[in-house]
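Below, subunit A partners subunit B and then partners subunit C, in two separate complexes.
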Partner chain A sequence: MILSRRHFLTSMILAGFVLLGAGQSVSEEYQVKALFLFNFAQFVKWPSSDFSSANEPFRIGVLGENPFGTFLSETVKGESVEGHPLVVQHYDSPAAVKDCKILFVSDSEKEAIGQILAALKDRDVLTVGDTPDFLKEGGIIRFVPEGNKIHFRVGLDRANNLKFSISSKVLRLADPGKD
Partner chain B sequence: MSMSFRDMPIRRKLMTVILLTSGAVLMLSCAGFCTYEMVALRKGMLKEYTTGAQIIAANSTASLAFRNEADAAEVLAAFKTDPRVVEACLYDQKGKVLARYPAGAPVSIFPTHPSESGYRQDHLEIFYPVLQGSRVLGTVFLQSDLSDLSERYYAYAWLAGAIIACSILLAYLLSRMLQKQISTPVLGLVETAKLISQEGDFSVRAEKSGEDEVGALTDAFNQVLARVEDQEQAIRKLNADLEERIVERTAELALTGRKLEENKNLLDSVLHNIKDGIVAVDEKGRYFVFNPAAEKIMGRTPEGILDNKRMEHFGLFRPDGVTPFPESEGVLSRALRGLETHDLEMFVRNPLHPDGLLIITSGRPLLDEKGKTMGGVGIFRDVTEQKRQENLKIYAKALENSNRELQDFIFVASHDLQEPLRKIQSYGNFLLDETKGSLSEAASVYLARIQTAAKRMSGLIEDLLQLTRVTTKAKPFELVNVSEIVGEVQADLELKLRETGGKIMIGELPELEADPTQMRQLFQNLISNALKYRKADVAPVVMVQGKADEGKGWCRVLVRDNGIGFDPKYSEKIFNIFQRLHANDEYEGTGIGLAICRKVVERHSGTITARGEVGKGAEFEIVLPIKQAK
Partner chain C sequence: MVFQHGWRVCAFIALSLALWSGKVFAQTPEPTESSTVTPSITSSPVELKKLSLEQLMNLDVTSVAKEPQPYGQAPAAIVVLTNDAIRRSGASSIPEALQLADNLNVAQKDSHDWSISARGFNTDLSNKLLVLIDGRSVYSPLFSGVFWDAQDYLLEDIDRIEVISGPGGTLWGANAVNGVINITSKSAKETQGLYIEGGGGMEWSPELQDFEAIRYGGALGPDLFYRFYGKYDARGSEPLLTNGNAANDSWTNGQGGFRIDSITTGQHLTIQGDIYSNIESISTGGTAQKSGGNILERWTRTFDDDSNVSLQFYYDHTFINDPEPEAFLSTLAAAPPGIFTDRLDTIDLDFQHHFHLDDHNNFSWGFGYRYTDDLTGASPGLAFAPSPLLQNLYSLFAQDEIRLLSNVFLTAGSKVEHNDYTGYEYEPSGRLKWDVTENQMLWAAVSRAVRMPSEVDTNERGLTPLLNAFHITSSINGSPGFLSEVLVAYELGYRAQLDKNFSTSISTFFNNYTDIRSTGTTPGGALGILPFVFQNNLMAQTWGVELTTDYQVLDWWRLHAGYDQLNESVWVAPGQLDLNKGLNETADPPNQIFVRSSMDLPGHLELDPAFRWIDTFTYNNSGVPGTVPNYAELDVRLAWHASPNLELSVTGQNLLHPYHLEYVISSPAPTEAISRNVYGKVALRF
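Presenting the complex of A and B:
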């Protein structure tokens, strides 16, 4: 496609605006991440034995500072996974983490990420994080920003040894890069 | 094929029926089969692609959920294996196109938003929702062309055509063989029937081919033939008898007809030519015969005559010619009442006969075989002329009688008168001799007068006798030379001629058959008269000449003089007896001479006419036949 000069300029200005606003528009990036979290709930299958009852809530936990605001809660509101209503749970410390199936480890916790993941090592929790060495530390899925898009990488060594199974469809979408 | 089905030979009819039936069944079943196949094919195709879309949908859930366009495009690239899939795309939840197939296809070719699956004009469109659990993540869209379907369509059409063609060919061959089973016996029957109708031979029988309906028909046909043959023989015999009788009867009729015709012609001829009027009426008085003679007598045809005025219209009167004839007494009226009439006299007056006709009529009723009156016939004859002739005959007879009496009287009178007259003359002479010179002068004169009167009377009587003798003392006719006669007369009158200085000029004269004495008398009288009635101062000249016209059988003799002549008004009268134009003392005469002349000429069947003028002489013309009737 041949762009006209004006279009080109407009595109550049728009791109500069997006880059400029990247630091400030956190919530937009996290809106995508919130949707991803919701999608993981859909595409990862937990054994029913992992739920104490049929209508036990499916908890998505957020550890540390909440970057989603109310967006995540609104996204999952009224949704359910195999009869289990989706709820968002905030945790201030790793010790408080309890009974959640997916746990997003906020950037605020990046100093203590090693200990947190080690603590959750034996728990069947799908851990998701932003930090670059999240997978090396024992996390399962890491968001990878690429341009203005968000990708994710899956720590396959870890994922294969879990009680729950991540859908191959999700694995197919995962960023093939290595950490 | 211009021939209508109705007129086709049964063979063709059968084949047509079989071929049409099998063709129709085949067509219908092929059409049904093809339709079913096509519907099934379309359904199958829809299902097949729906399944394809379903697979893609299942594979693209994550791509949609994570909005991974590359992955979505990869999923869609699976359609590469099926060339019929022309284009495909994935819509996200909001209906926006996330991924496209083929990869570079412009967005504009895809429907702007998902809708229902189904067949469009020339392609198939499938929309399938991408579901994650019960959540709709987006929609798969694919479009397939229908080349497959149309290929199949053609294949089916070819197959159906081939099947139909083969089947019809087979049906044609089979029906060609099988129709003979039906048509051959029927055609056999037809042939037999044709043969019979052409040859008229009822002894022919149809051949039976089987025990089916045609066989039964053949049996029935043969039975009918047998019966017809019997009947035909009977009829032929009857016909022969009848013909014979017809011939006889025709001959009889012809004979009768000819006789009738002859009778009719005879009757017509009689009715047409007879002088008598013949009329006939039916019982209502209407004329059916009215012949030409009737028309001539009645002066009209019967048309337009009212029945009750039959008589009056013909102008019928009683014989007196004045009293109208009462209609009820008319011949036809009487005939219709059954009465006969014989020889009834009537008088007819009409425009054709203004003077009227006297008729005698007869009539009688016409009776049928039972004696009942069914009309009347009348016949009438014009007797006017007949009646006139009868009257004339009676009159002639009376005239003859009176003539004879008169002649007898004249003869007797003149004869008997002679005697006393002769005595008067004799004694007068004696007296004259005895008294010679002794008588007074007066007495002498008286005596002389007596003598003269007696002499005159004697001449009169002599002439009268001569007049009567023309008929009573007639001699038979003989050939007479008029020239000789006139010569003798001239000799007799020699003295008179010398006295008067007269002259007779005799010209050419004929010979004829006559009584010579009377001929002499005739010319003597005529020439004497010519000399007698001469002019006082002129010598008389008499010319006698005549000529015979052999061709007409007449001769004409003229006697002309140069005497005193006469007034032409007396040219008839002078031939009458005792008729005299002059006083006795002027010209002596008895007044009988010309009467005798006329009588002589009339006895010779001739005519005599006198022409003259006072002072210019007289001319007598005598015309006599050269030969007298025997």
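Presenting the complex of A and C:
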């Protein structure tokens, strides 16, 4: 009886492995971060002169390895901000980045984060990342783990010097901690 | 599945389905700032994108990539159990959650008693661990140990449990000898909304039969938050080792409490309190009660320069009513059964100040005062004199973290304490930390810690009214002159976050103990030896290794492995005597192995198997070594997040054997084993 139960459990655990091999899922962490990006799009205001036309897409860029799978594009599908349809754009290199309003800089770019952010400094892009030095290197919003939750911090020095405005709601909800 | 209290589970499932699909809450107005909704990641993007920023910030996310935490830099052997790790383990009580700490030995004695220690000395009345719940010390001055059955909390609202193995006397004071367990609950701000859980065990599964809990958290203003909770557990009897029959030690526990947090820039005020009551059947007959309550207030002020002060006050009350079995001296009946009671009131005040003295010095200092009033009510065979015992404990500490080089830090400090038993005690320590690279740290420490005497050591009377005719009035007595037990510990450790997905920690220690408790005789007393008395005639050395590793194999799969190795050498001081031949203070497995796996499966499932192997160890069987054989056990939890609000889980504990032995106490009580247990749980979060 004990033996058979052991076998039962072993096979249950193994079944778990097999089951998992088949599935490819975006981690909960990046699902939440994708939802944050979608929310940021609605709380940051760009001057209308920043768009070439009334229906130019509002691009959310992802630079480097894409940790969101299809989750981010599914999230923004059919959504728009003041008439600009939301779309997700992937960029392989910093040089390719253009015309996006929000740019998520993937963890894969952490070695070059300083150069990337320096290059984007004068562009009207809300840079978002999750690498530890992201704000120090000149990024605007960084995701920080807070226990089991995802919070975010805002690099205030940068945020006060932008052509676009970040809603006070975002600033208020940001973690007060410094990097 | 047939649950013993199936109707409750059914009711919960029905209720949850009603709430989930029946739109009871779905029509609530758009969440305001203090959102009362705590969804989870189980829905489609279409659903999830309706969440507000506030709701997103409240989402519980598993497997958040770790970034260097403050504890990651502390030069000590620390294991941190997060809320998520505790939830995913299926632990239903604080002692069960502590099984997750690789650097502890957790042994269950019977349905409601545990023995928990770090780095050895896990004796029946284990006494070298300091346990704090939200800054409130919960060890009993009666025996310097913890009544684990009286320590409970709604696990959902526990933020984390930090387990430090090794001495922490410099900061924490007397009793932080072999380790410190620091249980921290979430602030009321983090527990907004409604939480309901309930469940029960399988019919054949004796341990956890039936439980339910509710918590509600709300906001009274933009910076003012509250929560209150209530919970009830009913646990059945564990089996007797000899025949597997129920040992008649079932128990029930009810607890409730509240917490209020006012959080403004630079200031945090917390007021919290709990009350509880247990009723426990005792295997030797009768019913025990444990009840109590506490209220705590803590104010922390953080200044612009990152310095902070905190002031904490608490009052704690505990009451124990314990039926004592008939007592024997050898084979002679010495005392009839009776009731022993203990009513303890504690008032504690603690102040701490932390500031940067200059670029190289990070300074902390503080003081504390504790007043205890312990009133014991003697049973025929057990008394403490004097009663009530009124005691004062004063303490003062100072500690400086000095930056010696850009990446080398020395933390040096001491606590000075004055207690009514032994007067002044000193607990200095020096800790050296070398950040070898950004992600690797080497540390070394030398510390002195003391265990001050308990009432058992000093004031106990093992009365023998049935033997008075033979001029034997007591079998064993405490000694008023009992000394503090002293430890000097040498530690060396390495901790590394080798890449984003792999972290490891190795801690080694060599502990040198003097004046450990022994049992001697009264020359010239009754029969030339009686009563026996507690003395300080044992010396001990222990050394060992604690290893813990976490590996995030894939986004959805995390592995954990832990290994403990412990060597103990205990001997009687030259020319002295211990009737127990040095066996009574230890009951510790020399090796422990832990392997856990945490998987997020498709379909919003979580699967968490946890394996442990505990080595054979010896205990004191009346002056000769007895043996508890080694055992392997497996816990598995499977959970399904049916909706953002609803979590269903089944947890199996100790699945490999119908029952197994974890601990033996030399006592008239028959030895109990710990059974296999399976329970189901429904959790609702709104």
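Operating definition for what follows: the second predicted complex is superposed on the first by the 153 of 179 C-alpha atoms of A that agree within 3 Å, B and C clash if a C-alpha of one lies under 4 Å from a C-alpha of the other, contacts with A are read in each partner's own complex, and residues count from 1 in each chain.
One rule holds in what follows: a residue touches a chain if its C-beta (ideal position, glycine included) is under 8 Å from a C-beta of that chain, and two chains touch if they have at least 3 such contacts.
Computed from a prediction, not measured in an experiment: that's the story for all the values here.
In the overlay built on the shared chain, the residue A:36 is in contact with subunit B and with subunit C.
Of the two partner chains placed around the shared chain by superposition, subunit C is the only one that A:148 touches, whereas subunit B remains out of contact. By the document's definition of touching, neither partner reaches A:133: not subunit B, not subunit C. In the superposed model, A:50 lies in contact with neither subunit B nor subunit C. Counting the residues of subunit A that each partner touches, subunit B and subunit C differ, and the larger count belongs to C.
Once the two complexes are overlaid on the shared chain, A:107 sits against subunit C while remaining clear of subunit B.
In the superposition on chain A, A:28 contacts subunit C only, with no contact to subunit B.
After overlaying the two complexes on the shared chain, residue contacts for A:170 are found with subunit B and with subunit C alike. Using the contact criterion defined above for the overlaid structures, shared-chain residue A:124 touches neither subunit B nor subunit C, since it reaches no partner. For the contact definition in use here, the residues of subunit A common to its subunit B contact set and its subunit C contact set are 36, 39, 43, 79, 169-170, 173.
Of all residues in subunit A, only 36, 39, 42-43, 79, 81-82, 167, 169-170, 172-173 touch subunit B in the complex they form. In the complex of the two chains, the subunit C residues touching subunit A come out as 41, 44-46, 48-49, 51-54, 56-68, 82-84, 159-160, 186, 190, 265, 500, 554-557, 597, 599-602, 607, 609, 634, 636, 655-658.
Against subunit C, in their complex, subunit A makes its touches with residues 2, 5-6, 9, 12-13, 16, 19-20, 22-23, 25-32, 34-36, 38-39, 43, 71, 74-75, 77, 79, 107, 130, 132, 144-151, 169-170, 173, 176.
In the complex of the two chains, the subunit B residues touching subunit A come out as 59, 61-63, 65-66, 68, 71, 132-133, 135.
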